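Consider the two complexes below, in which subunit A is the common component and subunit B and subunit C are the respective partners.
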Partner chain A sequence: MAAPSAAGLGRRLRAWLPRIMPVRWSRYDTSYLEPEVKKESYQKPVEELTEEEREQMELKTVRPIKAAPPTVSSSVFTDPMISKFTNMMMRSGNKVLARSLMSQTLETIKRKQLEKYHKAPENEKETIECNPYVIFHQALKNCQPIIGLSNITKGGKTYQVPVPLTDNRKRFLAMKWLITECRENKHRRTLMPEKLSQELLLAFNNEGPVIKKKHVLHKMAEANRAYAHFRWW
Partner chain B sequence: QLDRGCALHTAARAGLSSVPSQDVPAGKPRAVFHTSESDPAKHTEQHEGRLYNIPLEEVKAVFPHGLPRRFQQQIQTFNEARVMVRKPALELLAYLKGSNFSHPAVRYVIYGERGTGKTMTLCHVVHYCSRQGWLVLHIPDAHLWVKNCKELLHSAYKKDRLDQPLQASVWLKNFKSSNERFLQEIKTQKKYMWGKHESTEEGRPLGEVVEQGLARARSASDAVGVVLRELKQQSHRGSFRLLVAVDGVNALWGRTTLSKEDKSPVSPEELTLVHNLRKMVRNDWSGGAIVTTLSQTGSLFKPSSAYTPQELLGKEGFDALDPFVPIPVPNYSPREFESCYGYYLERRWLQHEKALTEDGKAELQFLSGSNPRQLDRLAGPL
Partner chain C sequence: MAAPAYPAWVTRWVSGQWRNKKRPPALRPPRTLALADKVANRRERATDATCITEMSVMMACWKQNDFKDTPCAEEIRKFYDCVAKAEKEHKNENEDTLSSRGNLPSSKVNKLLKRFPQMTRYV
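What follows is the complex of A and B.
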């Protein structure tokens, strides 16, 4: 009696389990809504809201809301790009250290630029950028490659095929190059804020090893133009 | 009138007179936070919350050591040294101005929570005294004498004592650079032997003792002891006023992290420098004042929440320093916070766009809790 029902149970169980098991899955039910962290959205008076926003507000009164992750904050000074960069610098989950390194880097950039600013003559003062956030964003933008290479195997041989990159991939590559450059190619005893501030300032002026790496990648893509038709997406 | 640029290119010791700033000049609301009064002797309550400028040559002459590290970085970045005039400092200056120098030296202990400005208050007082022509004995951090010593020599003078040549020579060098003229005027009253062959005769200027300590590192700690002893004995005569300024005085009565060759721990009395400094901080001499600061930050084996004199000095230290005048240093008042914030804005230290808004300012005030050190650390990356 047990044996045929066991076999039947096994078959039914296998039919119920999906063939692909998702690796990352949320503990939240689909009815949970995202939390709203920005202060400005709560300060708007009720009359100014559009129809969709009114609907959203009514939905919030009945639906449960997910817990806000520790990385998002309602501070006016948060910047998602800086948080991403900090996460990429983090090692073994030591976010405290990564964040302090990031703030020391920004401070070092600011000090270097301010010293230059105070020593410069009057007419040059406007050209010197002292805001470390502006420098950071501009440096990242300058480091982003426009086109990337991807390995495609055809007929037994692997070719490096030029391929367009998504925005996320470009940002990731820029940040990754900056961090690896600072970790590997510097003198052992220089500290990370010092190295990073140097690299960011060079990248801001379109100089430095990271920009060179980007140009090398572009040249390789240009050289392999012939294989571009191997791409099928 | 409030323009710092035109104000005071003064020589280091020349006394000056200038009109203290009063009204808001039209078109320059931020300059209210500054005052052109560069002489601490003339600071009164109306200057409270304002920042006064110390010329850079004077900073190098008066403070070869003793300024906090972040403040030194700030001086280098902004190209100027601005110190805020606060109530505890004004109180101390009033006491010093009204003190009777024929009575024994009064001891003042500046205490407060972490990062509230105790060392800066001490530096303000040191600046005032050096402007007035006192001899300033400034020990920048007594904790440096009880921890992290690479070399400990057995003292040649007393059997059980230990010398610290490195720390003593560093201190002697800085002491010499800040008090040049006194070292020529004050003469020794006794003959001192440095080992078998070298000696300093009676009646030689104190500068020779300092040179001896710098030349021979072995006798540096003894040279420090000699200097302290001579100054203490001669201060009552009235030819000079003596200010003993010790930062982190709770190090003198705590424990040390040093150990002898047989790995037994060293207690502070066994160190020559600490022993001599303890004698200096006793109030059995007249003709000056003793201003000290408690500090938990560099202290050894003390919990981080301790800030009162009883907790940090322990029974031994409190009994040794008793009676003293306690001077508490609180966090920034709203007015002082505004002043500091305005100064950072004006020197372009706060660069973030949101930091210029009211929201940003409220957030900075909340996050720092009006604590000067937290505000400085928060404003760094912004």
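What follows is the complex of A and C.
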């Protein structure tokens, strides 16, 4: 009959569905493997591979492989930090604009540094860094906070407790501070590459408003160090 | 005659203790005298915060050097190492063994007891 089978089906369906439904889930089956994008790993001769790499290759012959997402690339010019920064600069999905702004920023940094290089006297020429990627990475590293504050409620009152941060969180905060600083606290008519290059060069030399913001955070953490025991992890 | 040996209830009756309600308690257990399949949910005492000494050393260094990172690189490195170690320990400890303090939280105890419940009938 339809009625008992419908009730049985409903019960079985409810037993099959988990109580917590994940919101973000992958459409791939669990047997799918991640794609290998780096060209170097395919150019190695078979004898040089270790045991586990050989096993991995044999597994790849029988298992399906996921499609590579558009963000990863096998080019030598890709840099995951730069991609992350571009994504954070992107607005309304306009990746083309964000990417062009990023490349213009790097070009502006190079131009400024070259100008400084050619004007500098001979003995100082080695100290000037001209590689915009190096400047970008160093500036981001200088902007990363070492310790953060988190709100912990105890006895009805909320305290700001100094807390160690994960690497991802530090990177995110550094990038976020740079972008907000450029978007909000600059003159309206300056273009983003100009503002960003200026900020990145200042951060590279440990100066500028973003470094100041990091120092302010550190000072607050130092002032609240008595509450450090409120942490439980 | 020697002291006559009366039974205990006689002496107690005569002394009037029974009338004064000094009686042994009549145990009437409202629940079955058997272990339940779960323990009460006890709020575990919060674990102590990790890496506080390294953090305070780093902050002292900051205070001396005006919050610059380059002179304090050694202390910062030690702090990062301590944090990484604590993170790894926290990842590895989630098993069915005792926690670092030597006690088992009530949720884990309940899971174990559920696997081996009390026998209610003989088969």
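Everything that follows uses one rule, which is that the second predicted complex is superposed on the first by the 217 of 233 C-alpha atoms of A that agree within 3 Å, B and C clash if a C-alpha of one lies under 4 Å from a C-alpha of the other, contacts with A are read in each partner's own complex, and residues count from 1 in each chain.
Note that in this section a contact is a pair of C-beta atoms (placed from the backbone, for glycine too) under 8 Å apart; a residue touches a chain by one contact, two chains touch by 3 or more.
All values derive from a computational prediction rather than experimental measurement.
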**OP:** For A:Leu202, decide between first (touching subunit B), second (touching subunit C), both and neither.
**Re:** neither
**OP:** Based on the superposed arrangement, let me know which partner A:His229 touches: subunit B (first), subunit C (second), both, or neither?
**Re:** second
Original post:
First (subunit B), second (subunit C), both or neither: which does A:Met90 touch?
Top reply: neither
**OP:** Would you sort A:Pro162 into first (subunit B), second (subunit C), both or neither based on which partner it touches?
**Re:** second
Original post:
So, A:Val37: does it touch subunit B (first), subunit C (second), both, or neither?
Top reply: neither
Subject >> Contacts of A:His215 with subunit B and subunit C, given as first, second, both or neither >> reply: second
Original post:
Within the complex, which stretch of subunit B touches subunit A?
Top reply: 73, 76-79, 348-349, 351-352, 354-355, 357, 359-360, 363, 380-382
Original post:
Can you list the subunit A residues touching subunit B in their complex?
Top reply: 39, 75-77, 102-104, 106-107, 110-111, 114-115, 117-118, 130-133
Subject >> Contact set on subunit C toward subunit A in their complex >> reply: 46-52, 55-56, 58-59, 62-63, 67-70, 76, 79, 83, 90
Subject >> subunit C contact footprint on subunit A (complex, rising order) >> reply: 142, 146-147, 162, 164, 206, 215, 218-219, 221-222, 225, 228-233
